[in-house]
């Protein structure tokens, strides 16, 4: 009864992250916070990172929205703990490529669990939902790198 | 070659009044002046009357515009010299009826030369041109009668 | 007998498949579909009469002007305006409200004056007043709503004071469907000397409105929600008020005499209609009210009541559904806002869309209402003259899918 | 080979009789006729994709949004805008200019500042600045015109001072057809730090425009004059400027977060697009620029040049004619304003109309130009891509009738 497109969109892993989001809490010692919202639909998150040197020491978020936006940011944060800034940026770019239908990106194992979100790329209006967290990440990196200096080159 | 409708519109009498308007001058001892314009096309006149008691002692106008508007106000002023206020008002109403296609009005001999303008009623956009002077007259009468008092009843 | 299935056939857009299923269009509060009668009028206008209005002597310009002004008079009739020159064409409700906020508001408000609106309003009836309040240092106050999304009017008398200069209220809420007692509010507002604007975007849509009976001073509504084209709407205002107001925008059509330093204005309504108007849009809106009148508004109303009763009954059977707004059907228009378990409204909308069912999900330009109910969004099904019981059944079936996925 | 007779066939309205004669439509500067390609797009939109934009997840709303934004990008391409988000939809040129006068002007002008416009401007590029000057106590100054209706630029350097904050000028005059050296004026204006708005209502119509090459800050034009529908137009603005500006109207679509007392705005261009836009209008305007591009603007330009040369030649043969505007064809667009003996322009227009020839008579929303030439009105024939030499011959024949009656 359920359409195959819907099954690929609403994978169990996504629903599970939606119901039990990881790292959803205020981060006290954050070094950067980005508020990102989709005014059209009302999804919003605040992504909070503690960046130490060239890596993300800790990543948390608060927010509300649809299963796609909340699951994506939850999965994203699990990947960011301890991640190198350049790797984090590369992850964001790769994920964005997958959302825009890039098939090699979709096969890229480095995306890990995030590949469960591939089905979103078939739903054009929902792509923004999936990208909400990664857009916030990219903005945070830009902002932070501006301040830390140095690492910048690779990020743009 | 000329269409019959055009010939009935542009009667010689109209063109003659357009070229040699009667009573086109400033009236020094006026008791009332009405500025009337058609902003759409730019036709405009200032109708100036000297009203004494229950009649129009003198009527003049200045202005510019198309042959219809200028001829109509010229012809009108020839009828207003010495006219009783109630008669003047009746003339304006009768003329307006003719413009709106009333056939008995068009046959009414009291309109005199003004009947030359009957053809205008076949040109809806030009009716306003023909009425410019009479609209000014009606406004002048309303204004003046408000001040003189008394005669009012018959005018409305 | 009013037959919605026959009415449907007048609407070409309803006759299509979406994601392989026949379209069920339940997003009417956002915009309605257009009957062939309206589309034919638009097409005929462009193919025969198209010309700029009010400035030309030639045939096409005359015809365009006559059709354009005839539309004004039709729309005036739709809301029982006493005088068609009280009907001002705007792009829609939003522009109509902005027009009042600027052309009336800037000249009539100052520090300490109050504007009263409600928590129930659409952003288009909030933001113009926020901006006006900021510019004039007036204070913006709100009528509250209760748990069923109804205006709380107990304290109306205390909220309305002689400082209240403007009361702007919707007759029907777009997010919840609440029907507001605008007549009563108008009476109370007038008692303290305030001007009353009614946001009729959802009001003049399902029925004819009688602005004289309402007693309000301004009434704003949009063509696109009442079977008309996009880009056209109306501000109705009482003539004495309109005549005292400053113009809105400056440009062609709205002037009388232009000098280098100063100009004088044309009379009402042209004073407020600068520039070439949406001529085809106005004519199309005229055709839309003709279409609705010909069907008979009493039949449309009766049909919508029936659909609402049926839909409410069926939706209340859906497990875990939460419906927002008045529980009494007497107090609501053809809108049902809801959430379902922990499925987010966007997810509901996506799942329904895969089934060909179009509903809206989001804040419905009513963030204050969402805040009131502690949600960021709802799903909203809104019905219109062509909605059938089968459409409602399809909606309920689709919600079953949501439960299968999220349940 | 560009064949105007074939192009004509694309325009249903041109294929009709008026007063028993085949229509000759020479009122293009007021509004153009619409090609079937545009009408078909409008019709298809309403019959298939109609929905409100930017707020919906369902198919129709997605399709409407995609088509609407694609139109924005087409129109951006038409004027070589570097970024499509710099294209703001308005009702037309008039609203576009008012938008700048309000959203830019109120915040950026104060007593002693100067706004420079010209005597040649359409009322839509005069009145908004008069109103703004009155509100901000800024001074409105005018560039003069010479006997041929050309801007007098000798004293440009002295008129432009560091008090000049805004220069608003048309690239082509609608009343005389004068082509203004806007690039040169822009350079001079920028040299003193002024912002430049170009009224492109008659400019972006006959050809593509390159706003980057012009160097201006704002460019305004209307859809209905370039084969598009009524009720839609564009303000293009430089992004940095748009981003610093206050919003224009308040309402749905233009907000980010709404709180009771304050709200935050959406990003450019949505910040300036409150309320449901003229969706079909925008899509239709996109189709119009597609249509013109497909024909090839260079062919259209060449054709209009040819028609102008022919018309000017034939009209100059008419006894007692007086033609206003530049004598050099290089300095004019496809507009000829004239008077004939002592026949009033309205009478000329009525007589031509009886012959099926549509021209405009009046002040053409340019009363200052009329004053300059000491006339209250002119007759105006304006040509477009579908005008043929036979049309011009019919005009000349009609003027023969005028002479017969008034001669």
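Which chain is which? They are A, B, C and D, in the order written, and residues in each are numbered from 1.
The rule is simple: contacts are C-beta pairs under 8 Å (C-beta built on N, C-alpha and C of every residue); 3 or more make two chains touch, one makes a residue touch a chain.
Treat the numbers as computed from the prediction; the structure is a model and nothing was measured.
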item	value
A-D against A-C, pair bridged by the larger set of C-beta contacts	A-C
Maximum centroid distance from chain B, chain identifier (CA atoms)	A
Interchain centroid distance [CA atoms averaged], chain A/chain D, Å	46
Mean-CA-position distance for chain B and chain A (Å)	79
Distance between the centres, which are taken as Cα means, of chain C and chain A, whole angstrom	38
Centre distance in Å when chain C and chain D are each reduced to the mean of their C-alpha atoms	31
Junction residues of chain B, two or more chains touched	40-41, 125-126
Junction residues of chain C, two or more chains touched	19, 55-57, 255, 257, 346, 350, 361-362, 367
Chain D residues touching chain A - in the complex, by the definition given at the top	54-55, 57, 62, 255-257, 266
Partner chain D, residues of chain C touching it in the complex	12-13, 16, 18-19, 23, 25, 27, 30-31, 33-34, 39, 42-43, 46-52, 55-61, 91-95, 97-98, 101, 122-124, 126-131, 140, 142, 222, 224, 229-232, 247, 249-255, 257-258, 260-263, 274-281, 346, 349-350, 352-353, 357-362, 365, 367-368
Touching residues (chain side chain B, partner chain C) in the complex	37, 39-41, 124-126
Complex contacts: residues of chain D adjacent to chain B	19, 342-347, 350-351, 354, 361-363, 367, 370, 376-377, 401, 404-406
Chain A to chain C touching residues, read off their complex	1-3, 5-6, 9-10, 15, 19, 40-44, 64-68, 70, 123, 125-126, 129
